[in-house]
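As written, the chain order gives the labels A, B, C and D, with residue 1 at the start of each chain.
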Amino acid sequence: MSIWINEHSKVLVQGITGSQGTFHATKMIEYGTDIVGGVTPGKGGQSLDLFGKSVTVYDGMYEAIQATDANASVIYVPPQFAAEAIMEAADAFDQIKGEGVVVCITEGIPTLDMVKAVAYVNQRPGVRLIGPNCPGIITPGIEGGCKIGIMPGHIHKKGRIGIVSKSGTLTYEAVAQTMSIGEGQSTCIGIGGDPVNGTGFIDCLAGFQDDIQTEAIVMIGEIGGTAEEDAAAWAAENVTKPIVGFVAGATAPPGKRMGHAGAIISGGKGTAAEKFAAFKSAGIYVANDPSEIGAVLAVALKEAGLL
Amino acid sequence: MFRKAGVNVLDGVHCTSIEDALSAYDSLGSKVVAVKSQIHAGGRGKGTLYSPESGEKVMEGGVKIAFSREDVELYSRNILGNKLVTIQTGENGKIVNNLYVEAGCAIAHEYYLAILVDREAKAVLIMASTEGGMDIEKVAENTPEALHKVWVDPAAGLLGFQKRNLGMDLGLSGAALKSFFGLLGKLYDVFVKNDCAMVEINPLVRSEDDEIIALDAKVSFDENASFRHKEWEDIRDLGEEDDAEVRAKELGLSYVKLDGDIGCLVNGAGLAMATMDVIQLYGGEPANFLDLGGGAGEDTVNAAFEIILEDHNVKGILVNIFGGIQRCDVVANGVLASVERIGLEVPLVIRLSGTNYKEGRAIIDASDLQTYSVDTLAEGAKKIVELIGGES
Amino acid sequence: MFRKAGVNVLDGVHCTSIEDALSAYDSLGSKVVAVKSQIHAGGRGKGTLYSPESGEKVMEGGVKIAFSREDVELYSRNILGNKLVTIQTGENGKIVNNLYVEAGCAIAHEYYLAILVDREAKAVLIMASTEGGMDIEKVAENTPEALHKVWVDPAAGLLGFQKRNLGMDLGLSGAALKSFFGLLGKLYDVFVKNDCAMVEINPLVRSEDDEIIALDAKVSFDENASFRHKEWEDIRDLGEEDDAEVRAKELGLSYVKLDGDIGCLVNGAGLAMATMDVIQLYGGEPANFLDLGGGAGEDTVNAAFEIILEDHNVKGILVNIFGGIQRCDVVANGVLASVERIGLEVPLVIRLSGTNYKEGRAIIDASDLQTYSVDTLAEGAKKIVELIGGES
Amino acid sequence: MSIWINEHSKVLVQGITGSQGTFHATKMIEYGTDIVGGVTPGKGGQSLDLFGKSVTVYDGMYEAIQATDANASVIYVPPQFAAEAIMEAADAFDQIKGEGVVVCITEGIPTLDMVKAVAYVNQRPGVRLIGPNCPGIITPGIEGGCKIGIMPGHIHKKGRIGIVSKSGTLTYEAVAQTMSIGEGQSTCIGIGGDPVNGTGFIDCLAGFQDDIQTEAIVMIGEIGGTAEEDAAAWAAENVTKPIVGFVAGATAPPGKRMGHAGAIISGGKGTAAEKFAAFKSAGIYVANDPSEIGAVLAVALKEAGLL
């Protein structure tokens, strides 16, 4: 088991004919993801040869889902069109299958576009949006697996640790840390660093809590907002599996945006100190340095009788 | 912007010299006027002006009420060209090059109003308080219950009853409530149409004849939406922004200058923050936040390296790359090219991980560059702190 | 309206006389033009024109293509002042007082497009078909699968991918798809901004140079929204509407004239329909639908009574009231006042039930009016049919 | 039992200071409805004396619900402001209580306003909208009861028949018909004759099916739309209690609006004949004349062993 996606997930690539789309579609196929088609309006009917696989391009998501029976899509379209792409995917999955996973990699989508798109997705409760501005989601398999996004596939291995993070590269650090103590991953999710996004920490924690394969969780936050505090409070009540947490940005000055649109301390709120404190009071194991995550995770597993 | 949208504002004139300010005073025809420092930061009323050369204090308060032509001259002189330090500018303050001279109005009450995106609710949030004036940060901290809040349903937009209820929460009724109702609708339209990140009206005032007027406004925009707002380029006051930050942005980098001495070159915002955190954890002080973004080419790496070295506080550099889209070999080549071009007089620690890390390390090792290769972030942070002679 | 909103339409001129039509032809500078009857009903192309006096057929087709100035003259003469009967006007047809003379265009394909509110989905529905031209009712009946449908999410509005997908469903691509995309967005805006009940573009055409043009449009409005569209009063062509229906509406009544001989005065739309149905069930034919609305006063009852009696087909009247808001005594007084003022030469059956029915009956009984009081609708219908000598 | 409202429902009157609002608030109190307050913006703090009861006026629904703990409201505001009033009530009930019943009597609300308002209400699933352009809902009690709307209270009696209708006065006919065979009503609902409204036939049928007090149902439709057909199909699958049906408008000519904004046969769809046929094929007992409803109901009850 794993959460939301697995080795049998059939994935469409929105914006497949763009350079990012083509590049990452190839990488995903290389990893083992079942890419069943691509979507670029106006380029329907073309066929791309990617890593030895022939991939058909469709004009729209409705047509593509009907033709391929896909249950997930990943979006590499430019920020101007990304919110529309999210809504098209959400509506098409909702209407045709009643459910679907939409992963939006695109960075730089206007916040008000996302307010609208998230409200639209939320009206279609079977549809899950991951991102935007995120590395995506990966469920490593015994050989290959299902990688939907831009993370380097080769660093992962199937295992029992669920990882959720706001940051892309820090997720990779976390993966490397689990590997450093010999642990693999059930599913790793980058929820993205934008102020308004789809799937949040709590959704992921709930998913991991219910997943048989997952035995422990690594959760990586960053400054800005109160999602980490909310998740910690929720976890204290609802999660029985051990959680290891880290928050980036302890040294970030207030009022300055740290790369991610959402990573800003404003009005004295959203500091790393508050988030670490919330983690601690919720019984979450805290790593003060990402290079410590492995060691802390080992302690957590041991204390839970899992090592 | 507000005036064009039909929002009630007072008459006023933008000025860049004392002469401008005096003729503005003459033309406004109001005996009492406000003389306001114009910088992109809040807390101006409670700020202090200093001479940029001597550092001496010139005047308390960046917003002054002038009761005569002589007052206007005095305040303009004290403001223009001097450095205004407010709660939001940080210690260094900002030089004031622009003034706004505004007609007076008979104020019955001052309110606070802000529109922003609430990331938790994923909706636009309107906040208002009867405690208008200068210290809204304190109101929010000390008496958050005095802030009245309305969330805008993304589907339905701002509804009439929400405007009315918020007005009534502020204790408004009759003509003032009607005026507030109209103003809030227009402000919300301005917010949405212009992709604002935040609109803050402080103070919003009720005049003695029950008109609601936006007396002072601070607006910030959602930079992600700049592709549909070509007009922002005219508004932006580049002179005020840190030059290196502006150049970095043009190159697709995120760069924020800090006060320490260890330069950081990292891919990914989260990892860049974590790199700063870990440097501090091991006793050092980061000189900057720098995120290369996803999949930077050699040129970008090169430019990033140069921006870091421009900061003369930098005594050492930590490169921390976990390649996903970013290929480590590209970073390695970029770093080498930079050093070749501009030289390197400070120690350099490089940590390469992820996509093509073997190729990247091979490139570094094959060069005659004096560097220290490490496997993890913690090692890298310890090493650079040690090399520049800090504690570790 | 469409032109003002930027929707692609052909040049054309509204005319009310043959001379107008000829000078329109001269000014348009297009050798081929369409001469179109302007009435508020569809199916004009397949309609037939009759002389209103003699009833003789004048011409087949209310929309004609004229290839010469002579054609324009002939068609204008045949159309103006004559009666156009179409599938939607009913047998009586409508007198045509307006013409539209429109420049020709090289048509590559004709499509059908309609925007309306889908009551089941509670959302705006856009329907389009490649089968443009005259018989969309038949397309809908015979091949509903050829109709492509898009529902607009009330929250999100009409989205880009919906416009694109609908265009692609119609087989459009390239410049034509782009033109369709733009046109559909503007049409939807027109629909919403003007509170339309239905916008039907038939045909929507693709010209040979791949422009999408609205060639003919039929628009109806949501009358509930008239309070925010003062401009409708200018558009409304009162001459075309049944005079009594217009007057009834001004009084707050709903009145629809029918072909039978039993006048009905009822409170409530559902009950008014049921009254008609039951009259027919017992062998009679209703002369009208009339709903007094909620809580009509004596004056309104009075006016309603007069409107019913204006119809010279009426041989008897059935008053059917189930008082809720409506008080039966008010109806009784209104009926008495009417009869007193204008007399009554046909039988009258009255059924009063609900609020104040006892008082109402007492008023009727106390008068010297010749009426028949009944307890139920069925009794009333039977009685009135019997009284005018129909079957029962 | 009954559906949605009962003798303990606490009801607010929106637009209480208007002539309609005041008149019907009085009538409702007279019938026994627990009117706990009224709302008219700008008139908050006033107090009305209605049928011997002092009723406080509030400026807005949030304030009113908080002050009174109301769980239902009825709207008598003019059509220009009615959609806003619906949304205010829906949001206030949702935020404060998580549920509530909003009954909108107002006739003449623009259709696109209702499209927006219904979407808004549907996003607040605990809130039920009845109407607009309807007589309201009534649950007769042993003495008095809860009447929310404009129907004449005195014609009703507590009993076992559930009534649902698009039409106002025809509902009263149906009530009188049940009384003519000695039967009372559990709850009577006028869903209104507008093309876009809140609660529909199926919601009511589902409510009656689950209600212990209700033993048989009378359902009155009219021409226009396909709500009757949809409800009949649904009832065939889901309703075990006997249903008696009538449809008004068999003699209405196509293309003409019969009073109600929704009562129009367009494109050959929405005829009474189609609806009667749908009723019959769903096993619904059909009355061809509203005066027959009582007799048909007696047959239905007898055949179900209820008489």
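Keep this in mind: a contact is a pair of C-beta atoms (placed from the backbone, for glycine too) under 8 Å apart; a residue touches a chain by one contact, two chains touch by 3 or more.
Not measured: the values here are computed from a predicted model.
Novice: Show me the overlap between the contact partners of chain B and those of chain C.
Specialist: Touches both chain B and chain C: A, D.
Novice: If you tally the C-beta contacts for C-D and for A-C, which one comes out higher?
Specialist: Output for the comparison: C-D.
Novice: What is the chain whose Cα centroid lies farthest from the Cα centroid of chain B?
Specialist: If we average the C-alpha coordinates per chain, C ends up farthest from chain B.
Novice: What whole-Å value do you get for the distance between chain A and chain D if each is reduced to the mean of its CA atoms?
Specialist: So the centroids are 46 Å from each other.
Novice: What whole-Å value do you get for the distance between chain C and chain D if each is reduced to the mean of its CA atoms?
Specialist: A distance of 29 Å separates the two centres.
Novice: Taking each chain's centre as its mean C-alpha position, how far apart are chain B and chain D in Å?
Specialist: Centre separation, chain B to chain D: 55 Å.
Novice: Touching at least two other chains at once: which residues of chain D meet that condition?
Specialist: Within chain D, residues 116, 119, 123 contact more than one other chain.
Novice: Indicate the residues of chain B shared as contacts by at least two other chains.
Specialist: 153-156
Novice: Chains as vertices, touching pairs as edges: which of line, ring, star, complete or other describes this one?
Specialist: Topology of touching chains reads as other, fitting no named class.
Novice: Who touches whom among the chains?
Specialist: Here the touching chain pairs work out to A-B, A-C, B-C, B-D, C-D.
Novice: Quick one: in the complex, what on chain C touches chain A?
Specialist: 153, 155-156, 159-161, 164-165, 168, 173, 177
Novice: Given the complex with chain B, which residues does chain D contribute to the contact?
Specialist: Interface residues on the chain D side: 41-42, 44, 59-62, 81, 84-85, 87-88, 91, 116, 119-120, 123.
Novice: Spell out the residues on chain B that touch chain C in their complex, using ranges where they run on.
Specialist: 154-156
Novice: Going by the contact rule at the top, pick out the chain C residues touching chain D in the complex.
Specialist: Against chain D, the touching part of chain C is residues 88, 90, 117, 119-120, 122-124, 137, 140-141, 153-155, 192, 195, 197, 222-225, 227-228, 254, 256, 258, 266-274, 276-281, 286, 289, 291, 294, 322-325, 353-355, 376-379.
Novice: Name, in rising order, each residue of chain D that touches chain C in their complex.
Specialist: Of all residues in chain D, those touching chain C are 79-80, 107-116, 118-119, 135, 150-152, 155, 165-173, 176, 193, 195-196, 220, 222-227, 230, 246, 248-253, 255-263, 267-268, 272, 288-292.
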